[in-house]
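Letters A, B, C and D mark the chains in the order given here, with residues in each chain numbered from 1 onward.
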Amino acid sequence: MKFERYGIGIAKGMALTFKHLFRPPITVQYPEEKLVVSRRIRGNELVWYPDRCTGCATCAKSCPQGNIEIVTHVGDENNYVVDKFEVDTGRCMFCGLCVESCPYEALAMGLSYERAQYRRGQLVLSKEELRLSDVRQPSGYARPKIEATLPEQSLLVNWDREKGGQKLSLVPLSKKRGRGV
Amino acid sequence: MTLLEQFQLWLATMWPEWAAYVTPAIVGVVIVIAFALCMVIVFIYFERRLLGRFQIRLGPNRLGPEGIFQPIATAVKVLLKEDIVPAKGDKWLHWLAPLVVFVPVLMIFAVVPFWEGAIFIDLNVGIVYVVAISSVSAVGIYMAGWASNNKYALISALRMVAQVVSYELPVILSILGVVLMVGSLSMSQIVAAQTIPFILLQPLGFIIFFLGAVAEMNRSPFDLLEADSEIVAGFHTEYSGMKFAMFYLGEYCHALAYSCIIATLFLGGWRGPLLPPFLWLLIKVVAVFFVIVWIRATLPRLRVDQLMSFAWKCLLPMAVINLFVVAAEVLWLPESLPWIMVVVNFAFAGALILLWSKLFTLGGGRVEV
Amino acid sequence: MTIALNGEEVAEKIRGAFPGSVVAADKAAVIVTNQSLYQVAEFLKNTAGLDFDYLTDLTAVDYLDYFEVVYHLTSLKHNHSLVLKTRCYEREKPVVSSVVNLWRAADFQEREVYDLMGITFEGHPNLKRLLLWEGFVGHPLRRDYL
Amino acid sequence: MAIKTEPFILNIGPQHPSTHGVFRLRATLDGEVVVDVEPVIGYLHRGIEKLAEGRTYTQNIPFTDRLDYLASITNNLAYVLAVEKLAEVKVPERAEYLRVITAEMMRIASHLMAVGFFLNDLGAMMTPVLYMWREREKLLDLFEMVCGQRLTYNYMRIGGVSHDIPEEFLPALKRFVAEMPGFIDEYDQLLAGNEILLVRSKGVGVLPEELAINSAASGPVLRASGVKWDIRRADPYSIYDRFDFDIPVGSAGDCYDRYWVRVQEMRQSVRILEQAIPQLPEGEVCAEVPRLLRPPVGEVYGHIEAPKGELGFYLVSDNSIAPYRFRIRPPTLINLTALKDMVIGWKVADLIITFGSIDVCLGEIDR
């Protein structure tokens, strides 16, 4: 093991790091600047449409963790009435199999990724909490129609490192805290 | 005569002798320590931002404009942390070690000339004092490693002792080259003698001193005692709160002190055209520190036996040869022709580095167990 | 393409060397008796033309009546493969001889099988639990472990 | 006269900066020299093999994501290939190409991680890691675009893949493929010729060829030891026989060779991507497969060349909806077998880099 090549390799490496000193940083200042996530993002929540759901429990059967709890009773028109639709997102691994398997598109992955809570119990989402709302928007995962309406994802590959600047499409800090997009 | 001594003489005309002696000394101590600590805080911020930029990220930028208050926030955070002493550790040594590391490093600044005459005390053995006092902190680190009752800390402490002992020799020998040319050990004399910065007159001496200094202040690629991928945090694994802050400050103080010494010995100290001398020193110190951070951002670290053999097989013989060459040149070359010496020494340094790269291997291989 | 050797042909060769060692053989696999496993493995490894120098995978399956220890052997030299199996009908303390001496690769995998399936490998130098801690009761991968 | 010393035991891990997860090395040291080392694992054991016996074949796909979480796509691929072999499912052409494209992207991403952290173990202060993460980030963006997540993709399905790619995927991937060789050159410039890297890793942690084969090392670890064995070539699965690529082979089997092989493999993966993108046919991406698949009684061993080595799935079916036995052949666990022989006699620092050069992933070791 000789100390070969007289330190030329070290000098080359030093030159490269020096060159990087003049490249713009690629990091994003997170809470102020947010990148646009993928249209198919499997955010950490689910969106449930009560009007479309027939209570067939296909989602519950396809869930590898057995997280989805559905209780139904037979209604007046010989249909299922959903009494309870509860998802424990604390145990959910957001694989999306339930969304893919739903035959009536009554379930969708959420768009938000900021769903941290202080208590595990708060992660169990009930029927009301799972509904579509201002802060709970569906993503286009396995839902091509929704996918087409969402903005284009920001990609680091398309970011021009020679020109620098913010070529990444960023979403400025929204006024409403907790709004994920 | 230094500014401090002038101040003392002036005070002595009004005050009793002891007060005239003590008061300026205290003022001087406060000024020097304030300078050192302020610069350390600046350095911490500078290093973190600079490393960030080397690694194409931003570095701390949250607190204050461009994050300039980040070191203060870090300091407050560290100071508020719980002080933990290992249950079976040596309590007294554990408490004493940070002081033993930190105080000697601060004492180095006593002999750093900031300006013509602006030196705390112009010892006639200034450079010897620097070498002597800077190795005391190794004792502190060994104390920390021993007192922690932690195997990682102990390994780190042992590495530290071996490293400091090995690198002290080439460092001293390369300083001797400078001393031979100046003919004095005093720091202010060394600065005064540098009409041409000694980096040009003694390139090899500079390289050896620089590498030795980097090793002595335990920074990459010689940061074996804090090799976080091997021995976690090394000797300060078991330290927290205020005591850890002392080590942290001590480390950066060490870096600052050695940057000052390198600037003084080889880069002409406060000498420079146009700008005020103090600013020149600062520029040089920051430049040296920039190179240290740059190296840290680029290079992997050496292994412990390679580190040792690098000191004993490469740096030490080269330093000895360098010393002989400088002695010969001082003896026989006419003093009026320094530029010949520049050319000769550069050629010589290049030849020696090539030769050593060809001849010597670094470190041992597998050990039979 | 790795050629999966016909188990019946290999079984013939094994029978030639060790009569009575082969329990059954079909296209996919050769099943040998528990006692002759080590000799057969050695034979497969060292016979020219077979040269199974690479133990890809070692595992066990619990069929409730018996345990089946499965060895997936590959020869990097000839690029062919073979599945070797052995069975033990003992449920309390099943024992199979270890092949660590032939293939170091069996080291962790035998420990894993011992840990999760409870099959003792005789001759393994360091047969301890691998994934679970010492003192864990039961062997989770058995079908009757709940 | 020799100084009498006593060896002592150092627990490296489970909480240690360079054990790449919760891994514990019980090392016996004589000063700095490693006398003995014993890996202690199981801190991340989740019993996936047992869990899988109670779930349907499709439900097991997300579990395979959690094996080697740095290369989920290849885990998915190995599993679905095994199931398809068992149930004799024909995969559409477009799906095959998408599988190869994503698998090669995954290989680059995984190797970037491996090389970066190997250099970090060498003490290069995060810089190479961050440079390599930049490229990995681009790939993760693309994965996110296709399957909606950045680490656990759950992309492959039995009979194909879960989604077709969106339109903006191919232009972005082409751009990545075009600029990636330049970045690999930059990494080479940064460290491949670095003298410190050379003295630290050349000749260190040597795994001789016979031992590598005997201990069934696979992937870059095996190839660095000089064995030209790549399952993509030796036993082509999917459509790998249609692409032209080289198998980089090391000679010494030391840490540097393992590093070098990985860097070269990234170049080869880029080559495969370059060939696969123009050939991508139109069509379906998933065959019609019953949701509750009941494969015939039998057993199958399917293996692929995952970034870290030979990843195999041994499935036994009893014609029910869940596998009877679900066995994973974890490449990194088996690569660790020879760790002891590689590090004894070297220093602690060498132990760390040898371990780093094997490129372990604890999700896979412990399962």
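Here are some notes:
The rule we apply is simple: a contact is a pair of C-beta atoms (placed from the backbone, for glycine too) under 8 Å apart; a residue touches a chain by one contact, two chains touch by 3 or more.
Model, not experiment: these values are computed from the prediction.
Looking at subunit A and subunit B, the chains in contact with each of them are D.
Ranking every chain by how far its Cα centroid lies from the centroid of subunit D, the top place goes to B.
Interface comparison, A-D versus C-D: the higher number of contacting C-beta pairs is recorded for A-D.
Taking the mean of the C-alpha atoms as each chain's centre, subunit C and subunit D sit 26 Å apart. Distance between subunit A and subunit C, defined via averaged C-alpha coordinates, is recorded as 45 Å. The geometric centre of subunit B is 62 Å away from that of subunit C, both derived from CA atoms. For subunit B, residues touching at least two other chains, in rising order: 54-57, 297-299, 362-363, 365. Counting partner chains per residue, subunit C has no residue touching two or more of them. Multi-chain contact residues of subunit A (touching two or more other chains): 1, 3-5, 7, 10, 13, 16-17, 20, 26. The full set of touching chain pairs reads A-B, A-D, B-D, C-D. The residues of subunit B lying in touch with subunit D in their complex are 51, 54-57, 151-152, 155, 220-221, 223, 227-232, 296-306, 362-363, 365-369.
Residue ranges of subunit A in contact with subunit D, taken from their complex: 1, 3-5, 7-10, 12-13, 15-17, 20, 26, 37-42, 62-64, 93-97, 100-101, 109, 139, 141-142, 147, 152-158.
Those residues of subunit D whose C-beta lies close enough to touch subunit A in the complex are 55, 58-63, 65-66, 127, 131, 134, 137-138, 141-142, 144-149, 152, 154, 162-163, 166, 168, 172-173, 175-176, 179, 186, 189-199, 202-203, 291. Within the complex, the subunit B residues that touch subunit A are 52-58, 61, 294-295, 297-299, 310, 314, 353-354, 356-358, 360-363, 365.
By the touch rule above, subunit D contacts subunit B in their complex via residues 8, 10, 16-18, 30, 32-35, 119-127, 130-131, 134, 190-191, 194, 196-197, 199-200, 203, 344-350, 352, 356.
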